[in-house]
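Shared between the two complexes below is subunit A, which has subunit B as its partner in the first and subunit C in the second.
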Partner chain A sequence: MRNLKKWIGWTVLLIALVLYPRIFGIYYTNVFVTFAIFALFAVTLNLLLGYTGLLTFGHAMFFGTGGYATAIALERIEGLPIIAAVLIGFLAAIVLALILCPIMVRVSGTAFAMLHLAFGQLMYVLALKLRFITGGEDGVGGFDIPPLGFPGIGSVDISDPLNFYYFAVTVLGLSIWFLWFFTKTPLGSVMVGIRDNANRVNYLGFKVTQTKAVIYTLAGAFAGVAGSVYALFQNLIAADDAYHVWVSFAPIMMTMVGGISSFFGPIAGAAIFGIIEELTSRYTERVELVMGLILISIIMFAPLGFVGFVNFLKQKLIRRSAQ
Partner chain B sequence: MDPTTAMYIAQGMHGLAYGMLLFLVASGLTLIFGMMGILNLAHASFFMLSAYIAYSVLHLTGNFWLALLLAPIATAIIGVLVERFLLRKVHAFGHIGELILTVGVALVILEGVKAGWGTENLPLSPPESLQGLINIAGLEYPVYRLFVIGIALLLLIILTIILYKTRLGMVVRAAVSDADMVNSLGVNVPLVFMFVFGIGTWMAGIAGVAIAPILTVFPGLADQMGMDAFIVVVVGGFGSLGGAFLVSIICGLLNSYGIQFISSLAPVLMFIFMAIVLTIKPMGLFGERE
Partner chain C sequence: MNILETKNIYHDYSGLKVLFDVNLEIKTGERHAIIGPNGAGKTTLFNVITGTYRPSEGDVYFQGKEITGFAPNELVRLGMGRSFQITSTFSRLTAFENIRMGILSKRRIRFNILKLLDKMEAVTRETEEVLKRINLDGERDIPASQLSYGKSRSLEISMALATDPDLVMLDEPTAGMSVDETHNAVELIRRLTEGKTMVIIEHDMDVVFSLADRITVLHLGAILTSGTPNEIRENQAVKDAYLGDLEV
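The block that comes next holds the complex of A and B.
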């Protein structure tokens, strides 16, 4: 029975995703792609923040590196398949994570956050200054987006917004699903153990530092995928979209707004951010002002975020029906 | 004095002036962190807000000294209100909540400033008596920068006397090292913290007014100063005033000589400095805890 319910749920979700662009049109399709990109980005951040207890102020590093790697690869390499371009973004983020992790996994708490801020700013300034690679302030843009080829079947033109939607949602959805699967593995449980009591995990014989390094690399790699899809979606990647401090803060805020304690919290947070931005930008240009006020009220009145709020309501309902 | 030496000394003095202002901002930040364990990401926003208020006061009254007096006090009042009615309420929900709250406050101040004063650079001229150059042993130097160094030194001395020679300062220092213990000894720590928050924003406010004639007033002011102040606090060690002072001066000099010699990489120098220090000493130069 429970299994059946689960399958029905997944099928409905899948059908909704397939039909979404047909119902809502191109504009909202693009809004949804933006949401999906930031949902994955926020989920990777929550892997560090919510699951492992590591706060980072420089997660944009991986997002930006993935984006730049994909964009530069498509610009420089003739006839590169689209999947390979995304993989290059993924690999570039992994390489960055592997370079950083010997330094990063030794520290925790505020030092971890601030070291990321330092390296993040370093990347930001480098992206601005190394003009011959990154194009300086203009960024890398206007590269050709190759069609998605299926060997022996044919190819699909990705530059069409509708086809791009299906491509992006597949890539991002699979990534989110993979991360969700990862949190259910034994290694995922060790990760939560490290957050709650690193010493105890250590005494139990698990390797804390190495586990942290694996999670760190994984979170960075999939943030790279989000950045890579972002670069393809905008057909442009520039330092301000890729490495700016606010790009690092956005997923933290989404995670907080959505709910830090749950895997799906960051996704809810990304959706709430998207909706607020969409609604307020119709009435006022001061989107950030509204965002700031909402952020303050959420922390004041619903500190566990959206998911926490829903759970609170659920418990209240259960208590009432029990009476 | 030959021109090269004069240039070196002038750059050194510029760096010193910036470093002193940086210390005014960073000292409040490091004390707040020491007492409450939170990074106040809105701290630099108060600094910027004060510069804007000073611009308006100067515009209305035409008196720079009045602006220097009133703007930091107004900023401190806003700071105390934010502490009392926002920060204190979320203290129970942990550090990340407080951090996000200060991000929210920073956003609101930034957008409020843009809505109220616009986004262009607003000039703020110092009074006539502080304009022009002064000749010290053959070196021509702007009077206003000397004034900035002077006012920062004065505040540094006042702060040191309050912290190390008065009973209040003793309580503050004790609360920095262990707030819970001081609280259980019967001292009203939340009240002390409100006071420290007020003093911190007041000093940031003075730095804001003092820097306005040099850099003009614009919304990016908070980002620039805020980032530098965080580096100072982190590298100096959380809660360490001496560390903050030393690193402020180092950063100021690094900045001005960096622009002189390798101008394209000057913005990165401080981050490289921070990365090196934190890699070797994760708690900062003089930090005792994380």
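The block that comes next holds the complex of A and C.
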């Protein structure tokens, strides 16, 4: 019975995702792709923040590196398949994470946050200064987006927005599913243990630093996938979209608004941000003002975020119906 | 044979000397209590043995192997378990999830990312058996932070034992407990450590004399004496330093 419900739920979700662009048109399809990119980005951040208890002010590093790697690869390598381009973004983020993690897994708290801010800004400046690679302020743009080839069947032109939607949602959705799966595995439970009591994890025979390194690399790698899809989506990646400190702050705010204590919180947060931005920008340019007010009220009245608030209401209802 | 030996251990905290030439010998299978006044260095000795600190001087041997400076996770893998004086569980995880962490480690499932944890039925079953054995099966899904003090101490003790160690180091397991709770805790410890070697730090002399086969008295960072409970009871130096005229 429970399995049946689950399958019905998945089927409905799948059909909704397939039909969405046909119903809402190209404009809202693109809004959805933006949301999905930031949903994955925020989920990877929450792997560090919510699950392991590590606040980072430099998560844009991985997003940007994924984006730049994909864009530069497509610009310079003739005939590169699209999947390979995304993989290059993924691998570039992994390499960056592996370079940083010997330092980062040994610190926590403020040091972890500030070191990321520092390295994040370093990447920002490098992206501006290494013009021969990154194109400086102009960034890397206008590269050809190769069709998605299925061997033996044919290929799909994903520079078409509708096809790109299906491509992006598949890549991002699978990534999010993989990360969800990860949180439910034994290593995922060790990750939660580290947040609660790293000393006890050590005294149960788990290697804390190595476990942190795996989580850190995973979070970085999939932030790289988000950045890679972003670069393809915009057909452009520039320092301000990739490495700016706001790019690091956005997923933190999404996670806080959506709910830090749940896997789906950051996704809800990304949706809320997307909707608010969409609505307010119709009336005013001061989108940040509205965002700021909402962030403050969430912190004051619903510190566990949207998902925490919904759970609170649910429990209240259950208690009332029990009486 | 000695399961644990320390040879000429000295330790100081940036100048403050805490341990002097400690030579401790724990025989395989015995229940050994370490007693002594506050500040005698009991917990520091535990920390040096279990890998929290590396001793300033001296060596530690576990099952005949030198382990000086080993990390706690390495010692646990060699068969050592430890509980803490201040409860050190996973406060936001349920009692079940707390114990399950230990079971995972015992089964050497540490870096698995291919299987859902909830679908590992053997792990679930074993965890539930442990919960039953420590009378926490009624509190299965309650977060550790919301357990009563006695129950959370039981959980703390069982965390040290969840990895099925050969040597269990218990740091004041009954600290802060009521008389009833202490009584239950002693029974629990006796039951869970059957067939294992146990080293226990304890202030409650009833607990010490009811559990221990041998006792070591630590005073001002040095071993005053070691012996059977009867020898310790009769020892004049111990009376002067610690027991006083306590009726035991």
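Throughout what follows, the second predicted complex is superposed on the first by the 323 of 323 C-alpha atoms of A that agree within 3 Å, B and C clash if a C-alpha of one lies under 4 Å from a C-alpha of the other, contacts with A are read in each partner's own complex, and residues count from 1 in each chain.
Just so we're on the same page, contacts are C-beta pairs under 8 Å (C-beta built on N, C-alpha and C of every residue); 3 or more make two chains touch, one makes a residue touch a chain.
Nothing here was measured: the structure is a model prediction, and the numbers come from that model.
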item	value
Combined model on subunit A where subunit B meets subunit C, clash or fit	fit
First, second, both or neither for A:Q121, with subunit B first and subunit C second	first
Subunit B versus subunit C as contact partner of A:L204, first or second or both or neither	second
Contacts of A:P186 with subunit B and subunit C, given as first, second, both or neither	second
Which of subunit B and subunit C A:V18 touches, first, second, both or neither	neither
Partner chain(s) touched by A:I83 [first = subunit B, second = subunit C, both, neither]	neither
Angular separation of subunit B and subunit C about subunit A, which is computed from CA centres of the superposed model and rounded to the nearest 10 °	80
Which superposed partner A:L313 touches (first subunit B, second subunit C, both, neither)	neither
Touched partner set for A:I26, first subunit B, second subunit C, both or neither	neither
Contacts of A:D196 with subunit B and subunit C, given as first, second, both or neither	second
Superposition-derived comparison: subunit B or subunit C, residues of subunit A touched	B
Nearest-approach distance, in Å, of subunit C Cα atoms to those of subunit B in the combined model	15
Subunit B/subunit C common contact set on subunit A	none
Residue numbers on subunit C that touch subunit A, as the complex places them	50, 71-73, 76-77, 81-82, 88-93, 97, 100-102, 104-105, 109-118, 120, 159, 162-163
In the complex, subunit B residues that touch subunit A	39, 86, 89-90, 93, 96-97, 99-101, 103-108, 110-112, 114-115, 223, 227, 230-231, 234, 238, 264-265, 267-268, 271-272, 274-275, 278-279, 282-283, 290
Interfacial residue positions of subunit A with respect to subunit C in the complex	181-182, 184-190, 192-193, 195-197, 199-208, 211, 214
Subunit B-facing residues of subunit A, complex	49, 55, 103, 106-111, 114-115, 117-119, 121-122, 125-126, 129, 245, 249, 252-253, 256, 260, 286, 288-289, 291-296, 299-300, 303
